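Each of the two complexes below includes chain A, the first together with chain B, the second together with chain C.
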Partner chain A sequence: MAAAGTCGTGTRSTGSMVAAASTNNVTSFQRRGPRASGADSGCSRLVSIAGTRPSVRNGQLLVSTGLPALDQLLGGGLAVGTVLLIEEDKYNIYSPLLFKYFLAEGIVSGHALLVASAKEDPADILQKLPAPLIDDSYKKECDEDVCSHKMEPDIKMKIAWRYQLLPKMEAGPVSSSRFGHYYDISKRIPQELIETSKWHGFFLPEKISSAFNVESCSLTPGYMKLLQFIQNIIYKEGFDGSNPQKKQKNILRIGIQNLGSPLWGDDICCTENCDTSHSLTKFLYILRGLLRTSLSACIITMPTHLIQNKAVIARVTNLSDTVVGLESFIGSEKETNPLYKDYHGLIHIRQIPRLNNLIYDISDVKDLAFKLKKKLFTIEVSQEAGKVVWYSRLFNSS
Partner chain B sequence: MLESLLALGGLVLLRDSVEWEGRSLLKALVKKSALCGEQVHVLGCEVSEEEFREGFDSSINNRLVYHDLFRDPLSWSKPGKALPGGPLEALRALDKRTGSGPATIALDSLSWLLHHLPCPILCQTLHALSRQDSCPGDTLPGEQVRVLGLLHEELHGPGPLGALSSLAQTEVTLSGTMGQASAHILYRRPRQRPTLQTQWFSILPDFSLELQVEPLLESQPPSDLHTPSVDPTTHLTFNLHLSKKEREAKDSLTLPFQFSSEKQQALLRPGLGQATSHIFYEPDAYDDLDQEDPDDDLDV
Partner chain C sequence: MFPELNNLLNTTPEGAEQGKLTLLCDAKTDGSFLVHHFLSFYLKANCKVCFVALVQSFSHYNMVGQKLGVSLTTARERGQLVVLEGLKSAVDIFFRPQEEPHPLQFLREANAGDLQPLYAFVRDALEPVDCGEAAWRCPVLLVDDLSVLLSLGVGPVAVLDFVHYCRATVCREWKGNVVALVHDSGDAEDEESDVLLNGLSHQSHLILRAEGLATGFCKDVHGQLRILWRRPLQPTTPRDRSLTYQYKIQDKSIFCCEPSSEPYSL
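And then the complex of A and B:
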């Protein structure tokens, strides 16, 4: 905090008053010098990187997961250098959405991407990313969904008339340095954005040679190749600070899809006591080491409902930093439950990391449900469910 | 029903059990796709070729390309010929063979392959097989490769079953009651919610499908838990709705803190009659008009 304001306060205040008189900003105070990323950036101990912000609790550098609601639940965002593990829902419909939001956020913020998959070609995954929304159109989407009765969008405010004097949020260009953007799932991302972004793809069937010579190391060959690829990219592009000529620091967003499924060559989903049961856990351990020493953040989706050995799931959870589980109602008895009729599934925040901190950042809300509307993926608190559970516990205990 | 099963493409998983066998459904699907003019490759592992071809007429038999793994799976009789690498090589050969045009591959049984190959390798090979089209999602339905796999679900644990289900685009579970076979079909279209459908059917001797009506079980009357909901806004002693005149009056009401132009004028230019506010005070008989502080007398 102190490092930023090194210029004399006297000169700064006069400068800012002049600035306020000339421009039409919301606040009258304006920081002199190069405009830092984000209007509300706090300390700038690091050179500020686009699309990141320091956490208000412990100063950790955060990136957005692409869903502002999820950012809020995780305590502001995903910390750089950590792993976000998404436990897939049973039919794998909603977890690819979170994966795509993460990657789309990377493209819009100008970060580098690394997409690894054994199922789909990374180029195809990038083509299907959602299109970003500018502020006004998002508010319009919100209004359309929320108000069932007709309401003019520019109704004169009668009671809170002072707020009418405030200017609306500036609809800047899409590649703004804001933290957390909104996306429209029904539209695809424009081709120009993908072309201007820097991305690396890892598609397992192409990388693994057809001769299946199983090496004697304990890591599955697919995992070994992926780790080598990630390490190579981090070193070559200088995300770990090894390339001092790079002037502009950037974040590498890594996305790994369906890790642990049989398509990666791992039989952890097929048998209970498999020979390579430590392959996945070793992979996560080495990956975490790679991430901690570089400016990168990783999202992994894993079909944990297929893993037969429950101890492995516990180990995997411990080895990841943030774990979010998705449970969809399709095919289960909860689909007909009237409590959940507005929602498509439950979202469980299973673990939040404790980085440079003594306490956890867990929010008090435990009953979170998600809903996939035509254009948005929203996370809400399912209050009725919480109330009923509380009442039943109260009456059952008496 | 057969068209809808074949329409989606990808891997179609037929799960059967001892009581409800699935090979006849597999043969019905093979016959249907052969009649549509496609290439059909069959990898036979569990039954002999003659038994598989039995019941098909000659036109279909001519379209069927049969790869035999039943007679000599370890290729003892012809060393170094035909299928040297065993089942894995046979699958890979199928992958390369279906180069052009729509094709259907029938795997006679995935259970046999699961017992002879490690599950992840089988999953990867199946995925490569069903991914023949270069741009998924944009190809015409006729250009896709379909892989029909017969799986005996009682032979495997939940692990391999779950792994293969997650790969399949369509999953058919055969069951039935009272001599009537039924198929529970789960369609997993990409980017859409999966749909579940139940269809009662029977297969005729020439392997064509006949749909049946669901057999009548003794149906319990649906217990009427859903009482008609009472509208709480009727029979009220107060008025909840506003008439048009009342709504207009409400809208035109000036709220106390509303900043209208009249109020602005009044504040900017204090009106003629409202210059200062006067306080009219009439002292009582008991009022003390002494200006001194009464607390001065206290001896504290």
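And then the complex of A and C:
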């Protein structure tokens, strides 16, 4: 299933739109010192990898989720070696967008991809990724609402005039290529970008055969196969440092869609007390073990609204690092609420990990809403919604 | 370790009590700062520590430990600290079958039996060795955390049995301490977690419970810490003592204060 494309970081066609952005001169910026994840304990110098940057707080290596607004809410980005769990909205309309942003960011940054799905062929998923926007067209496309909080490019800085020359939107030390891009949902990603990228696909119906012989270990066969596939890719491609001299280091972005749904062979969404109740939690634990010992980051979308057993949701949250929940207004009473009329749903940052630290960056804002415009998915602070939520808590007992 | 927390608990590394089971518990918040506190506390107290780290990688604990003034790598090299890294071992067990029994081998089995291999690992790690070398003060077992074992398919009774065995050996026989973190699932109706938590609460000498504030998120106060002394070791002390503080975690320290009687202004 893996495309036989050449490695993304090496070759770039000059016609590619974002070639200019990502083939900046690789700086000699090298970080010394221990890193949180990554198995090369013998190598203390980390050559900067495209599409990553160290966290401002503790030097943790971060990758972008594809949505700069979400990166900011998560404290700069998603840490390498961790899991981002997206709790799907009720009709699974908006969570695939976050999934696609993550993968598109991987292609644009030159990272390797691993896409796993039980529902859709990974090749089809990649075809539907949004197209990246370069700086000029982004300024033309977006509305004033989104741009209003950005600095006016015409304001001249009198004293710190040198800073005017730096690219905007960068909040921390810059790695070798840009961190975080914007995408146009109404357009598809150009075919040549997909072809030059390195991706591996896991489509469950193709991997599972009817006569399946696996030693029972309380993991459903689908999860078992997926774990073995991921481990195989990590080992063969050297993301865990097993082939140190092979080639330039790269990040593996893993995307798993609808984990826990019945299509994966797990009935945790169907019944309250199921036989394979530990299958999902065991899978998450071992997956996290794989991620912590390799240069990879993972996004998982999970239909938690279908899981009957609340205890399992609590356990799954504890076993993930970052958890973001989407709540869409479709079909709920909030859809007709005039205060929510500008938004499509609420976004809840349920958990942010404390990695290598006692404290973490948590934004003060708790009432966040999202809006799907024609070309962009935006996250905004809903001031009005804050008041509404407070009042509704007062009057509703549930 | 946090000196403020030592003051609240009325202990010092030099005068640490022995033979105790301390239960760390968190509800609606992250109680891992307590694990970091006790880990650095017992290392500074010159105790031999066996750390079963099931939740995060070793380097995470090491980096936080450096902020609190201990170096876990040095302690490990000296033989003072034995660490079982759950995440790394899980990958090894799962993908590369082992011949000899591994403490976490229940991961490969369909019906997770009991935690005897894990107990055997703890016993081998903490067994006092009389050979005249630098004698450590007392053995300490630290587990982060026990609730993960429930998620991995081990039953609550098996976990309680494991703690019981450890207590009998480490606390009673070798006069050491056991510290374990358990998550309180609150209203998530996790029966197994409740069984485990209630069972351990009854056995513990000291319970530290970190709770999120009932009123929700607050920038200045991260939560509330309840300290409950049970089973006083002196028979003269009549009843259990309990204290409540509100805390805020800072980069290298923790700030505790008495809960104010006025509601916080928004």
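Methods note: the second predicted complex is superposed on the first by the 303 of 398 C-alpha atoms of A that agree within 3 Å, B and C clash if a C-alpha of one lies under 4 Å from a C-alpha of the other, contacts with A are read in each partner's own complex, and residues count from 1 in each chain.
As a convention for this text, a contact is a pair of C-beta atoms (placed from the backbone, for glycine too) under 8 Å apart; a residue touches a chain by one contact, two chains touch by 3 or more.
Note that this is a predicted model, so its numbers are computed, not measured.
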Contacts of A:231 with chain B and chain C, given as first, second, both or neither: second
Chain B versus chain C as contact partner of A:310, first or second or both or neither: second
Contacts of A:269 with chain B and chain C, given as first, second, both or neither: first
Partner chain(s) touched by A:193 [first = chain B, second = chain C, both, neither]: neither
Contacts of A:330 with chain B and chain C, given as first, second, both or neither: first
Chain B versus chain C as contact partner of A:359, first or second or both or neither: second
First (chain B), second (chain C), both or neither touched by A:292: second
Contact set on chain B toward chain A in their complex: 92, 118-124, 127-128, 135-136, 157-160, 162-163, 166-167, 188, 191-194, 196, 255, 257-259
In the complex, chain A residues that touch chain B: 91-93, 118-120, 124, 158-159, 161, 205, 210, 212, 261-267, 269-272, 303, 305-306, 308, 330-331
Residue ranges of chain A in contact with chain C within the complex: 34-37, 58, 216-218, 227-228, 231, 278, 281-282, 285-286, 288-290, 292-293, 310-311, 313-315, 318-319, 354-359, 364, 366
Chain A contact footprint on chain C (complex, rising order): 30, 32-33, 36, 56-57, 59-60, 62-64, 67, 86-91, 94-95, 107-112, 147-148, 150-153, 183, 185, 187-193, 217, 219, 249-252
